[in-house]
Amino acid sequence: MLTTLNPVALLTATVATLSLVLAIFVGSRSLGNFDPALIAYLFGCIFACFGVVYRYTVWLQRAPTWRYFCHGWRLFFSGKALVYGWELTRHFVVNFLSQRFILRRGKAVGVGHFLMAWGCLLAFAVTFPLVFGWIHFDLKPGGIDVYEIVVFGFKTSEFRLHSAMATLIFNALNWSAILVIAGVMLLMRRRLTHAGQIAVQTFENDWLPLLLLLAISLTGVGISLDYKFMEGRAHQFMAITHAVTVILFLVWMPFGKFFHIIQRPAQLGIAIYRKAAAEGPQAVCPHTGEAFLSRMQVEDLKAVTRQLGCDFSRRGGGSHLNYSPQGKRALLARAHLKARQESGRFFG
Amino acid sequence: MATLPATAETLIARFGPTLNFPRPEGIPGRDTPDAVVKTHCCFCGMQCGIKLVVKNNRVVGFEPWEEFPFNGGRLCPKGVQRYLQNDHPDRLMHPLERAPGRGFAPVGWDPAMERVVSEIRRIQSAHGRDAFAMLSGVSLTNEKSYLVGKFARVALRTRNLDYNGRLCMVSAGAGNKKAFGLDRASNNFSDLARAEVVMVCGANVSETFPTLTHWIWQARDNGGRLIVVDPRLTPIARTADLHLPVRPGRDSALYGAILHQLIKHDWLDHDFIANHTTDFDQACEAVADYDLAWAERVTGIPQAKVLQAAEMWGPARTSFLLHARGIEHQSKGVENVLSCINLVLATGRIGRPYCGYATITGQGNGQGGREHGHKCDQLPGNRDIENLEHRRYISQVWGIGEGDLPGKGLTAYELMEAIHRGEIRGLLSICFNPLVSLPNSAMIREALDKLEFYVAIDFFLNETARHADIVLAGSLHEEEDGTVTTAEGRVTRIRKAINPPGDARTDTSILLELADRLGAGRHFRYQTSEDIFNELRVASRGGTADYFGITYQKIEENMGVFWPCPEEGHPGTPRLWEDRKFKTPDGRAHFHGVAYREPEEVTSDEYPVILTTGRVVSQYLSGSQTRRIGKLVRQYPEPLLEIHPALASRLGIRERELVRVTTRRGAAEFPAQLVETIREDTVFVPYHWPGKKSVNQLTSGHLDPISKIPEFKVCACRLEPTGQTAPSPEESRAWASP
Amino acid sequence: MNTFRLDQEFFLDPQRCIGCHACEMACAECETNGQLPMIHVDYVERYSTPQTAVQVCMHCEDPVCARVCPAVAIEKDEFGVVHSAKTDRCIACSNCVNACPFGVPRKIEPMDLMMKCNLCYDRTSAGKRPMCATVCPSGALFYGTREEMSRMRPNSSPVNTFRFGKQTVKTRVNIMMPLGATVLVVDADE
């Protein structure tokens, strides 16, 4: 078993996990601010950290990924930080904050994903610091209705109980759950009615993540509703189910569809690469006579395919990869025509 | 006055053509349809089987109908996209009345009908019955075609009824009647599958009848060889064993020269000729001097290739000859057809398995339509309107006196000329867009402007109908039941999928009400389309196109029945002439002496280049339907002038340069497309587009003396580069050109 | 319920293609594509010939598109069907578009997504034939069993080995070649 493990990833993941543990220890003031009720969540997080970093490292080591990864950073530090910085900001706003590209894939998926994603991100922002003991709320000494927000052991700001601020903060997870539920509903409806989605969807990849998020959100909101309307009679059920689903989510994070939350920001690197590619010299297809791709990417592809053990170089020099997709198709059609012609018959 | 009620631009803005695209997120209801209706494509004579998916009285998609024997699910792009003519923004939902300055205003059915009938009465009482004419089309079912024929003769009582089949296969029909005494493809297309030689004469099968390709390729899979005669190297010709790039308008010279070779090498079926044909000597005599050198001089095809064609065709054991508009759209269309038939008869390869001959009828119901309805010289069952016996029979079926049955009228183009001369003052049109589809469109436009009253029945406001005083909102193909007869002679069922939307009505109910208001109601008592068909069966009984033994039920059970089918127990006739009993008076097939003559218009110093016209795969006829379907328009957005690079370089014409093409009728500009796949002396422009983009502004009104088909395929033109490069095709709005 | 038929295969025969684009229109009707055609039909060089190149995904045994994908977004399923990029992973780098030796994948720019022919998975997973091969009027695209094919075209051999330059590629989809041929070589002439 150990031999199949990736040593680099193992090392990185171990270092990252230890660092997290250290950060938790320091950030919670030697666990002083740590809430023991959240211990199960904590272990989930630590496992997720290890898994995610391990998988990310394995992923980075793939030849094409590593090439883009290095290339992206090289470009970023190539002295054009201003240009790329601006490009990154633009890309971040358009594709990460607004997720425009998903909207363009379809209205339902765009809106649904937007709500769900922001619900999740908001929940992460609240949950992780709370679980790590990095943040907590203290009753201000000498009163009964003023709370202080304590971050890494430092008092930052305070708010009055029953104020709007208090409603916002104490219910942050409920707000995020409502966003997620709305998003999940939209996406589920699409998965139930869109024939194209129905044809290609799988339970593990497409339904399980939605169901998991729905369970987490419903039980999360359920805890609050239970307090308010049912005098906590369902508390145990809600709390346990919530904990189980959240931990499932954390443990599954490195393996399943949720890994894209971690992976996706790599697209920022692609944005830089594409910017550089667009500004650099272009490759012209020998068949169509038109530019079709940057020369940088064509050369990168040749190198990557060679690394993967593929050799597209043609007799008498040149490469099949020098041709545009249309050119490649024409080459094939011509080769087929030639083979047919030489055989003396096109048919039969 | 039938001038345009508003500018063309105003009318286009309101009535289209508008491009209909499917919604990317899918069409609601497609996965939970109310019905999946087995019917046929509305385009072209192949009449491919197709299933329409229906939801909430809308056609929302299609499924291939894989069991239908001719096409087995195969379709062309028009078939795939045909569902998008439904639920279309341009659909006429209620009758319209001309509103000068504004275009058209909605009007109720009652006042619209009232107006139509009073105008018909006024014109006919002032100028005679024949001063009101009717033009029809063969996208209509057999039932509607029959109804139109009866309506014009019994209700309108005009002799001036003709149809757009006049631009389709009338030359073939006339030739077939002369040679065989019957007008139908001699074989169904499955006889192509094992033909040793297939000769395709003037038919761009790959673009105009894509689904027929399957059968030709099958012949080749089985070792058959393919000869294609076409001035252009079309996709079907690209891999052909022999391509004969004939100079447009010289076809009969080629077939004469091939016959000459057959005789010379004795590649003849003497038994067949002696026992089953007449006038072979005349055919021989006519081609006596047509040696290879002469053939090369006239047709522009190298001698060796002509000889090779004869060598391939002559000794073969089985063969199939196909022809279409290429040889038929000529002032000697009938002669071209007869010269092809001579080749078939000389080798005796007909009436046997895999020995076939057929014209590829172009329009959806080109075959059935011409047999039963709206042809100016014909009565149902392919009967002759000037034959007293035939007149008596039909008059009796229709319950009128023989003396009340009008005689032969003018053909479509002649009819427009008569309007232009002021002899015809009123017009009712259905399913015909002559402003785009007839040649010499400047004359057609002037004629329309002169009409005192013009009423059009249509589902979209086509370019011609813009001139109308009243437009009656009729029905689409999928909105009525009926039958259609395919190019093979197979009678098939068109099934109603939905009801006409809004206030639109079925064509049938419109014609029936008009007949009633014209006082002929008692002759038009039908409840269903099947009632009409049952009367058609009786009317066709004993005629050459005998449908008497065909019923709706029989068609449905057998996925089509081939006529003739004289009795209910008769299985139909997929292959003609197996009994060698031809339908000519003497029972024999007739050769014809075809002496070559030149086309009506030949090149001169002033007009030195030959202009020929045709179609593209993504469009159908005048484009009334297909120019409204987004992806079909995008596939080939504008008419291009195909020109050989050698000719282009002589004239200094560059790729995509706008070229001014001038003929004796007019001038128009088209972007040049330089291709080596066309003869150097010829240019080609497809004809589906309207207004300034219509090549029929340039084509000539010369007619075949027998079939009266216009000579679309040959005229003389002059080319001038304008120095301007055409904007990119994506920017073209040719589909809606004013 | 997946009723994919493993006895059926795709057979491509480009010289039969008449360039009518019926396949392209039909492909766009597929619900998985959102009205975007995944099949390619284009003129090889219209100036000199009406020849058209028609190309569906060949569903390689070891798809290069998947191997060059930095995001591991392209996967081959248990039936050998190579699917469009996973929507959650694809980062629209277009490596696959340009590495595919057949020129098949398309990058849908506004969606930042690669899409490609998935053998009409909505139809084939339901036991139906792909839309393009069902409507193709010329037999350039055919979907059926090997037996059907050898009966219909006894003088051609289905070939699923290609050589692009020095690289050999094996595919699930066949191309019909002259009888006895075993490989289609796409390389520069000597």
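A, B and C are the chain letters, set down in written order, and residue numbers restart from 1 in every chain.
FYI, contacts are C-beta pairs under 8 Å (C-beta built on N, C-alpha and C of every residue); 3 or more make two chains touch, one makes a residue touch a chain.
Just so you know, these numbers come straight off a predicted model, no measurement behind them.
**Student:** More C-beta contacts across A-C or across B-C?
**Tutor:** A-C
**Student:** Mind having a look at which chain is the central one, using mean CA positions?
**Tutor:** Central chain is C.
**Student:** Would you kindly tell me how far, in whole Å, the mean C-alpha position of subunit B lies from that of subunit A?
**Tutor:** So the centre of subunit A lies 59 Å away from the centre of subunit B.
**Student:** Can you work out the whole-Å distance between the CA centroids of subunit A and subunit C?
**Tutor:** Averaging C-alpha atoms per chain gives centres 31 Å apart.
**Student:** So the centre of each chain is just the mean of its C-alpha atoms; given that, what is the distance between subunit B and subunit C in Å?
**Tutor:** Roughly 37 Å, centre to centre.
**Student:** Which residues of subunit C are in contact with two or more other chains?
**Tutor:** Subunit C, residues with two or more chain partners: 15-16, 31, 34, 51-52, 153, 155.
**Student:** Using the touch definition from the top, which residues of subunit B touch two or more other chains?
**Tutor:** Subunit B, residues with two or more chain partners: 24-26, 30-31, 217, 221, 239.
**Student:** Send over the residues of subunit A in touch with two or more other chains.
**Tutor:** 106, 194-196, 346-348
**Student:** For the complex, give me every residue of subunit C touching subunit B.
**Tutor:** For this pair, the touching residues of subunit C are 15-22, 24-26, 28-29, 31, 34-36, 46-52, 131, 134-139, 152-153, 155.
**Student:** Over in the complex, which subunit A residues touch subunit C? Could you list them?
**Tutor:** The contact residues of subunit A facing subunit C are 59, 62, 64-65, 67-68, 95, 101, 104-106, 194-200, 205, 257, 260, 263-264, 266-267, 270, 273-274, 292-293, 297-298, 301, 304-305, 308, 310-321, 323-337, 339-340, 342-343, 345-348.
**Student:** Applying the document's contact rule, which stretches of subunit A touch subunit B when the two form their complex?
**Tutor:** Touching subunit B: residues 106-108, 193-196, 346-348 of subunit A.
**Student:** Once bound in the complex, which stretches of subunit B touch subunit A?
**Tutor:** 24-26, 30-31, 217, 220-223, 239
**Student:** State the interface residues of subunit B toward subunit C in the complex, per the touch definition above.
**Tutor:** Within the complex, subunit B contacts subunit C at residues 21-26, 30-31, 61-62, 64, 66, 71, 73-77, 79-81, 206-207, 210-214, 217-218, 221, 233-236, 238-239, 617-618, 631, 635, 645, 673-677.
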